[in-house]
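In order of appearance the chains are A, B, C and D, and numbering begins at 1 in each one.
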Amino acid sequence: MSLSDSTPVLELAGVRKTFGSVTALADGSITVYPGSIHALVGENGAGKSTLIKIVAGLHRRDSGTFRFRGADAAFSSTAEAKNAGIAVIYQEPTLFPDLSVTENIFMGRQPRARGGRIDKQAMQEEAAEIFDRLGVKLDLDRPADGLSIADQQIIEIAKAISLDAHLLIMDEPTAALSGVEVERLFAVARSLRDEGRGIVFISHRFDEIFTLCDTITVMRDGSYVATTPTAQTSNDELVTMMVGREVAELYPKTPAEIGEVVLEVENLRSAGTFADVSFTVRAGEIVGLAGLVGAGRSEIARAVFGVDPYDSGTVKINGAPVPKGQPAAAIRAGMALVPEDRRQQGLVVDASLARNMGAAIRRRLSRFGLITNSMENRAAGPWAGRLEVKTAALSMNAATMSGGNQQKVAIAKWLATEPSLLIIDEPTRGIDVGTKAEVHRLLSQLAGEGMAILMISSELPEVMGMADRILVVGEGRISADLTREEATAEKVMHAATARHEKNRQEAAA
Amino acid sequence: MTAATRAETGASTGAPERRRGDGRTYAAYHRPWWFRTFISAEFLIIALLVVVWIIATTSVDNFSGPLTVRYLLMDIAPLMMIALPMTLVIITGQIDLSVASTMGLSTVVVGILHVQVGLSIPVAGLLAILVGVLCGVFNGFLVAYVKLPSLAVTIGTLALYRGIAVGLLGTTALTDFDQEWSDLATSSIGESRIPAIMIPVVILIVIFAVLLHFTPFGRGLYDIGHNDQAARFSGVNVARSQMTTFILTGAVSAAAGIFYTLRFGNSRGDNATGLELEVIAAVLLGGVLIFGGRGAIHGVLAGALLIGVLSSALRLEGVTVNVINIIIGLLLVISVLAPTLVAGVQRLTSRRGGSGPGPERSSPASAPPEPSDPATQQEPTQHDSAPNQSTHQESARADSASKPTVTP
Amino acid sequence: MSAETLTPVARRQGATMRAARSLFASRETAIVLVILVIIAVATTMNQSFLFSAQGWRDLLLTPSILMVVAIGSAVVIITRNVDLSVGSTLAITAYMSGRLFIDLPGIPIFVVVLLGILVGAGLGLINGALVAFGKVPALVVTLGTMYIYRGAVLTWAGSDRINASDMPREFLGLGTMQIASIPLLTIVAVMVLIIAGYWLSSTRSGREMYAIGSDPEAAKLYGLPTTKRVIFAFILGGALAGLAGVMYAARYGTVSASAGLGWEFQAIGAAVIGGVAIFGGSGSVWGAAFGAILLMTINRVLPIVGIPDFWQRAVVGALIIGAIVLDRYLSVRRHRKLQEARDKA
Amino acid sequence: GDSGEGDSAEGESGGEALSVTFLPKNLGNPYFETSNAGGEEAVEEFGGSYSEVGPQEATPDGQVEYINTAAQQGEDALVLSANDPSAICGALNEARDVDVAVVTFDSDTDAECRDLFVNQATAEGIASAQVQLVAEQIDEEGQIAILSASANATNQNLWIELMEEEIAADYPDIEIVDTVYGDDDDQRSFDQTAALLQTHSDLDAIVSPTTVGIAAAARYIADSDYAGEVAVTGLGTPNQMREYVEDGTVEAFALWNPEDLGYLSAWAANALASGEIEGNEGDTFEAGRLGEYTVGADGEVVLGEPFVFDSENIGDFDF
């Protein structure tokens, strides 16, 4: 069939979605044709996932047009969307940990034999077939519990393929995959395209987008920006469209005086996650930790801070060793960690702002072991003011605040401990561009005041723009240590994917 | 109230004035003091208690009699005592079903040590409390360090501790207690009708109220209940805190067991059977959220007293224990159901209201997401007694609360 | 990780092998072994424990009622819920059975059985609806309904009780009747077990129970009808408790309002011992049923081996703790193995 | 709070309607159903107000709550069967302090905690009746076991002790192999019977000095292979046992008339509360249709001798 005269399989126009006070999607628009692989790109928090969750029937849109295969659609459950012929691979794998790999693929629509009995034989065979097609070897009977993120993602892909859908949506399916697996996935995606299905592909990796997709839609801050054929655009043009302004403006890094070594990590190792990790961070220095998602950067940070245990190695602050596995001791030693997941790790979102900001300094605040609300309020007020947190009062729940403001609260909470080392994991994930610049300005300012900062970020421009020194993590090891001057995007990407490349070459051979 | 808050909120979000520098100050509370005091789950249960008390005094014969307060307080003293540490346990999101069994074990230990071995009551009591602490350590170890679900663990120790108690004495009862101590347990404070046991009970109440509401430890418990991961990231020693709460339940249950033994002059393995559920009912009635993270000591005390007053008044009316059970059960179900009902009613009214909080009122697309009106979506439920169970529920609620789709 | 060879025949053989292996490694097998050992010990101490007609009958008969309740509880637990009201439900239908025979003389027995099941299902429906629509944790709801149902039967029965002479002989006969030396109640329990076991393992709705318990969020993403399934689990749990109530009346002949007191914990204990995870998603009704057999058999064996049966509850408690600690140990070990396998890969 | 109405109890006892509360060991026990009915009959006869309360399970702490309530209500008399001889003493004495007359029946407390004890028969008489019944049924030789109520039941323990003495003295070929406790709970008594038969394969008879126990034992044996081989006897009510006497499981059993026991207790309470007697040895009072009774040593009033029911006479009774 020909591309141009067929009706679009998916049409969204002006779709809007708010969560309480947060506008996740202001103007979501995309048109996907059968037999096309359509990339959806945008910064973190641009609203990509929200958009596809509306298509999947997980969220209901507040307003806007949604047409599927030419007809108006409004799915009120994922089952409806599924039955209509929409398969979705979500960003976070959603598997049943106790059930087998096969069951995870077919749950809710297992092949049935006479009398409603599940035909386990047929199910097994079909699963094996899909995995053959994907070229993956997985024990079909093992429970999903304990599978690596990559394997989980592969099951998600198998699930979506098995649905035999008109529209296949993949939300960052490659984030955790190795080179070979990515190649296989692409082959499958192309064959599905050739069968005339529509595919939406979300990824932050431009190389993948340019290899696989024929059309690209760009989103920014919850709104549609542009749609262009892949052949008619370039890397730089995409970035400009995504960010919407000059990149330099976003990263107001001012040089700071570099002082003594504050953090010293030696030979840190944790079986299965990272090994041979050694580095230092000096006062006034911002050290960026770059790498692919799943490389183990967050794990390193958490081990250093003592939230996770590690097997061997030492961590020193200002020359004094920090006992392992005790966040309280790390805080006393002058460490602070703003974790990557603020809703799960950074904040107690159901508690008030004051409670949250006082959480890490309670012992210091208390008098004769007693602490009152007013003590917390007195401590929280100035820090909230310094970060310009927007809220009605200190008693407001963190849950009522926008992501950007939550992030400010999370940072304020840790600055209140007056740390000599600030570890900050994905400082601007899912926050708007304006707040982003504020956070960057703050980091720069803190470094200027002599604080040592270890910043983990998956956004290359952020690392390049903010860090004095960049450590690249690849598969749990530090694969490069670059100064601000010598770092280029190519070098960082190369170091981050060094092992991937090797695998890819091996596979090719 | 909503209008007032909205105005307040609107005033503080002067969006265009970005750079106002470090000088910004914040109101401590977004609700006036009377709102915070009177519109709460705790206050609701206290009000209910007062109402029931007044009704009982005016319309139940003999309720205002001199013996009522005395028997009522003696009856619920163990319940009140154990409810205190149980509140801590539930606030961390755990549960301890083994308290009544620990109490039974404590009463048997006191009995054996005093009646059979011949130790004095203080010594025997101290050893019984030690046994209670050990029971708590065992629970706490399995929950906090081995990371087993407390529900399963304490169903196990519910049977185990009770089994040891019953096993040690069979169905015999030891009843030969030192009369002086038995008299002390049932004596009153001076000439008043307040039983002497209320002295230690009040001391415990003060200790637990301070511990929960005014110490870093107590605040850590709330954090653990809301989100133990975030608590750990803030430097709260989650395992040790949980261990402590279980030890406290063990110790206090054992102490309650000693009182029980002396009051009834009776050490039996099956003493206080089923009290665990009454304690939990009192705690939940008092506004403590079963998922953890919310609750206060004064609410729990009101919950315990409500159960006591209801039972006492109904018994005086000749109503049998069964009807009392039904009422306690209904109260429990209604108290947990209330937030959902409130939310449901709100959803209905907002739907009927047509273009209430619609898209036209929201900020323009390009503006950063500000807390344009936090009051509309989440506020009302959060305050009276809505459990903010989890993010998914919240968003689900927000979802279904939103308007039906319109195609322009 | 086992290499997946690609011919269907080989795969089928592999599957058989795996099935055999998992049979030997499973919790159910382990419990059956423990039960057999216990029976063997008891029989060596006292021949008649197994080798007398009466001993044989009691061996099968005693656990039957708890088995039925435990199967229902297991299904509820598998969906990540819990039902504390089953003991009270049992009391209601047990007393109702007697009442029916007294108030409606000549009422056919199957009608009584049916009504018992229906009333149980209705009580389960109340729990299920409150949990699923009220979005209230099952623990609290069923704690409340436990009080309410028990209060209801106490009010209804007052201090009255049903005596054997109030019920027809044929009905009481069912409580002790044997077919080919197997007691009828045991046959009922085993049939319930087989049906429930088959349903859970081999039908879509059955598997969805596991999915919902394993990860309720994911179940919603998959578009599974979670509300319907959870309500059904409670209805089933209630219906089985209702059936157990009728069985109780037939077996014990006398029913007072305190029948089934504390059975909720016994049933949950049986399920947990049988490998049903308290937070859902795994385990089987077979395990729960064997757990029930183990509990009741231990109860009878203790006096024979010279331990006063007062210690029975302590043994039960120790078994529950042992079972969950074992589960934890096994899962930690499995995790570590997988981790190591990943490291090597 | 509470206001000072401390003398309400006295105020009422001076009036006409005497309020009497019956507090059995537990509710739902057919034996006490019957005795309470007798009590109610008596209360109606002397024109008092009757009420009946009780715990679900036969435990002393359960009873204490009701003793307290009776004291709060200012009842004139409390008639109870004690679950424990000393555990409820404190509560009873507090009740007596506010002028509640306390009469125990069926199962006594320590003598200083009550005013009167109405004994169904002398303990010796009851023990001896049961020993004779079982001895007859097993031809004076073999193994017997006792299925009692709770291990703390005052009366049962006394009877068991006396039975043991009598058997040791007069029946050298009878051996008591076990004493187990069914706690006056059907299911437990039933299971205990099963366990007894399992553990002692040569058992010849089960003696159950409690009505719940004997019915459960008879029911188990009637449907088992032991029917006709293991004798069941003890204390039971005719209605509960009729079926088993008729089908031959049970040859004979004993009991006094529990209705009369309740009836007498109520009259005794009346005599005390109205100030007619003090409860001293030698006091006499009228007990309606039963005639005149005299208070014996330790404030004890004895109803009479136990009565033996068998297939010949069971048809004549309905309680």
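Here is the rule we go by: a residue touches a chain if its C-beta (ideal position, glycine included) is under 8 Å from a C-beta of that chain, and two chains touch if they have at least 3 such contacts.
Remember, it's a predicted structure, so these values are computed and weren't measured experimentally.
Chains that touch both subunit B and subunit D are the following: C. Placing every chain at the mean of its C-alpha atoms, the farthest one from subunit B is found to be D. Taking the mean of each chain's C-alpha atoms, the chain closest to the overall C-alpha centroid is B. This structure's chain pair with the greatest number of C-beta contacts is A-B. Centre-to-centre separation of subunit B and subunit C, using mean CA positions: 31 Å.
Between subunit C and subunit D the centroid-to-centroid distance comes to 38 Å (mean Cα coordinates, whole Å). The centroid of the Cα atoms in subunit A and the matching centroid in subunit D are 75 Å apart. Of all residues in subunit D, those that touch two or more other chains are 56. In subunit C, the positions touching at least two other chains are 154, 158, 217, 220, 257.
Interface note: chains touch in the pairs A-B, A-C, B-C, B-D, C-D.
Of all residues in subunit A, only 14, 16, 18-23, 26-27, 59-66, 72, 74, 221-223, 305, 307, 326-328, 330-331, 337, 339, 343-351, 354-355, 358-360, 362-363, 365-366, 369-374, 377, 380-382, 384-386, 388, 390-397, 399-405, 413, 432-435 touch subunit B in the complex they form. By the touch criterion stated above, subunit C contacts subunit B in their complex at residues 82, 84, 130, 133-137, 139-141, 143-155, 158, 217, 220, 257, 265, 268-269, 272, 278-279, 308, 310-318, 320-321, 324-325, 328.
Every residue of subunit B that touches subunit C in the complex is listed here, in rising order: 95, 142, 146-149, 151-153, 155-164, 166-167, 169-171, 269, 277, 280-281, 284, 290-291, 320-333, 336-337, 340-341, 389, 392-393. Residues 57, 61-62, 64-69, 71, 75, 170-173, 175-176, 182-183, 186, 193, 260, 263-266, 268, 270-272, 312, 315-316, 318, 320-321 of subunit B are the ones touching subunit D in the complex.
The touching residues of subunit D, when paired with subunit B in their complex, are 1-6, 8, 51, 53, 55-56, 59-61, 64-66, 68-69, 71-74, 84-90, 94, 98, 150-152, 181, 183.
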